[in-house]
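Heads up, the next two complexes both have chain A, just with different partners, chain B and then chain C.
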Partner chain A sequence: MGYSTIYAVANSDIVYETFDGDAVVLDLASGRYFGFSDSGSCVWEALIAQVPPASLVGRPCGDGLLSAADLDAFIARLTEYGLLLPATDAVSTALSPDLAQRLAAAREALKIDMHDELADLVMVDPIHDVDEPAGWPAVKQ
Partner chain B sequence: MRRVTLDGLADYARALFAACEANADAFPGKSRVELPGLAIEVFSDHGELATALAHGMASSTVANLATPARVFLAHPGIGSIPPPAQWGEALFHPNMFAERLEAVGLRGHYFHDLSYWQFYDVERRLGVQLMLSADGCPPWEFGAPLRCFLHWEYAARGMRLTHAGTLGKGGKGVLLAGAGGAGKSGTVASGLLAGLDSVGDDYVVVEFDGDRSLARPLFTTLKQDQAGFDRLGLARLLPDPGPLNWQGKHQFRVQDICPRGVADQLDIVALLVPRISGAPLSAITPLARKDALMALAPSGIAQMPGERESGFRFFGELTRRLPCYNLALGTRGEEIAETIAAFLDRGRP
Partner chain C sequence: MKLGIVLPVYNRETYVGSALRSVLRQREAAEFDIIVIDDGSVDGTAEVVRSFIADGAPIRLFSQANTGVTRARNAGLRRLLDDTEFVSFIDSDDISPVGRFAADLAHFRSDPGLELTYSYMRMVDQIDDETLEPVAGCDDRIFRGVHLSAGIYRRGLIKRIGDFDEELAQSEDTDFLFRIFEQRARFVFPDTIALYYRRHEHNLTRNLAESRREFLKAMQKSMRRRKADPTLGDLRGFIQVAHPTGDGAPLRP
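Here is the complex of A and B:
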């Protein structure tokens, strides 16, 4: 990860809401939901506000400081899930005092939970079924 | 057999609208459904679906009678209605399907297994459901007829078809949110038997009115599996409950167990997320809004075609407005109803 990289929400299928500091993200295309820990919510909000990761490393986060390794792993997970992409031509912003305060007060480690129980319903594809012997996709006749 | 692709989707929808309007006089049945803020003229054939429409829809006194929507429940046995086309592309992507239609003011849904099409023109308030036969719809439609059309029409008005049960007292109520099997329907039936009100056990329409969140009824059906049916002692009220539905559940109407029927409206004051606890007594405890949204939104969005982002936003706003609680369900229906009634009296656990 380049710590000077600025990130942005990957595409318009990624929608999110924040409640009392807790972020919930829905990928409309895949039907997967994502929930964050309190520190994860802060970092998600910072990254999509175009705060560069470099300015987050070493920040107070709960009882310690936000480490480069933890942030690296968290961003890797966000990009792996298709929620975040490096943004070209983006202008960086500073971490807001409110987010910095919330990050310092966080009690949970950086974490993202993925829920895909209902993804099959959202993504109902009536033409293709997984067919183990035939492989995927198997077109219904 | 006509095959429809993304590029031809809107034209196909418009061709079906034209075919139904041209054959309007050939439909054997014509009925009127009056729901909250919405009157619908339904053109149909006779059969189980028409029966479900006649008996399973809530009747509202706040219908907008001036401008009824029209929905045609069509099949090739009516006049010159064409047989349903089939999907003509190698891949079917629901989001692309919805986006292509939304770009031209239409909504739609396709269920491959039954060659079942639904299209709705939001501006003209005109809907078509094209099936292979009079009752050629997916089995869940009989419990909630017109569900997709109601979803699209209400969403266009900023209201929302919401997958939740309801219970209320004195005009105030709670939403019961959660996936199937969480205990919503059993809780609603318990409450009705104990004298509480409800505007539905599965789908209701929710509207924001200033600071208020109002839930109103769309359907009058209730469902219970055999275990719940036995636990609630429903056999004394329904000695001949009829055949089980597609889920293997008993399906009956609110007025079958509660003579006053569904309430007209509930002013929702809290969102409860029930879960079967196994403990003898019920308990209501605070729940993070994030977790409440995760209980409320996914199934409501997943079960409805299109309008997914607006749904997520709506459910986000609803969750933000309401205090949210876990409801650990006790083992006795009466006790569960008493717990919810006491909660409504106090306005807090």
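Here is the complex of A and C:
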């Protein structure tokens, strides 16, 4: 991984929110959804805000410091799942004080959990997404 | 057996009569107690409901200031009668197909430990409000998805799961069903089509941004619960998508 790389959400099928510090991500194309550990939520939020990974390495994270190896592995999972891509023309931003504080207070290792048991529901997306111009009902291919 | 059916409604004078007729035509299936929560309608909804009551239908109408669908559903649950054994729901714009209640209640008769039947829904864009059937040739899709009306719930299960989560303005149904399957309720998935889900321009769920946010919130809550308690069940097998048949017959999973 190039630590100066800036990342961005891979495409418009990746939708996400954070509730009470818990990030949740849904891939409308695959139907998979994702949850994170507390530190994972912070890093996800930082990365999609275009904070360069280099500026995260060595930051206080729970009882220790965020290591390059752990961050590298975490970003590899995010890209492997198709959630993030390098953003070639993005402008980097600094880590917000709030995220830095949350990261320092985290108690769990960097982790992302993938779930696919609702894929059928999300793929047919009957209630939560109607593509009006394409007609209805529509199943995503 | 007594079946309480909760119907929250807000400004649906056009559709609520069809929804009620679709249930009332099945009165041989059980002793019905239809609980209508009029959530502050300003159209003729209440008058439509009262006309059914005047004709002797087993409907109790409760009117309240507008609080949103989640609180309206909870208001309905609080009005269940002491001797109600089973609970179901119907939304004010949906249709309960002929024979739906008889078919699924039979599962409870043959299995005293059963807590839930959860059947298919048929999503359609045109319903004939005279016959209460989908219009021939309309767009449709049959699947087991997220819809409270797909279920019949033993009263004890409702008590065990608790109220709808009033932090959720939408996807309160998703969250409720997630909690049921996390709690490993004893269920069957019958082949019945439990409802015709009517798509129309006023569907609550057409506000896409809010719908997605609330759906993600329900997912987050489920993941948080399962993380805190790994003994909870996951949601595998809950959703089953079938394909359009053209004749309304359900496909087997």
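One rule holds in what follows: the second predicted complex is superposed on the first by the 119 of 141 C-alpha atoms of A that agree within 3 Å, B and C clash if a C-alpha of one lies under 4 Å from a C-alpha of the other, contacts with A are read in each partner's own complex, and residues count from 1 in each chain.
The criterion applied here is as follows: a contact is a pair of C-beta atoms (placed from the backbone, for glycine too) under 8 Å apart; a residue touches a chain by one contact, two chains touch by 3 or more.
Note that the structure is predicted; figures quoted are calculated from it, not measured.
Applying the stated contact rule after C-alpha superposition, one finds that A:Ala29 touches chain B and leaves chain C untouched. Within the superposed three-chain model, A:His115 lies in touch with chain B and with chain C [touch as defined at top]. Applying the stated contact rule after C-alpha superposition, one finds that A:Asp13 touches chain B and leaves chain C untouched.
In the superposition on chain A, the residues of chain A contacting both chain B and chain C are 15, 17, 19, 22, 24, 26, 33, 35, 115, 117-118, 121, 123-124, 126-128, 137, 139. Listed in rising order, the residues of chain A touching chain C in the complex are 15-17, 19, 22, 24, 26, 33, 35, 113, 115, 117-118, 120-121, 123-124, 126-130, 135-137, 139.
Listing the residues of chain C that touch chain A in their complex gives 123, 125, 139-141, 143, 145-147, 171, 197, 199, 205-206, 208, 211-213, 215-217, 219-221, 223-224, 227, 234-241. Touching chain B in their complex are the following residues of chain A: 13, 15, 17, 19-20, 22-24, 26, 28-29, 31, 33, 35, 115, 117-118, 121-128, 137, 139-140. Interface of chain B with chain A (complex): residues 87, 90-95, 110-113, 179, 288-291, 293-294, 297-299, 301-303, 308-309, 312-313, 316, 319-320.
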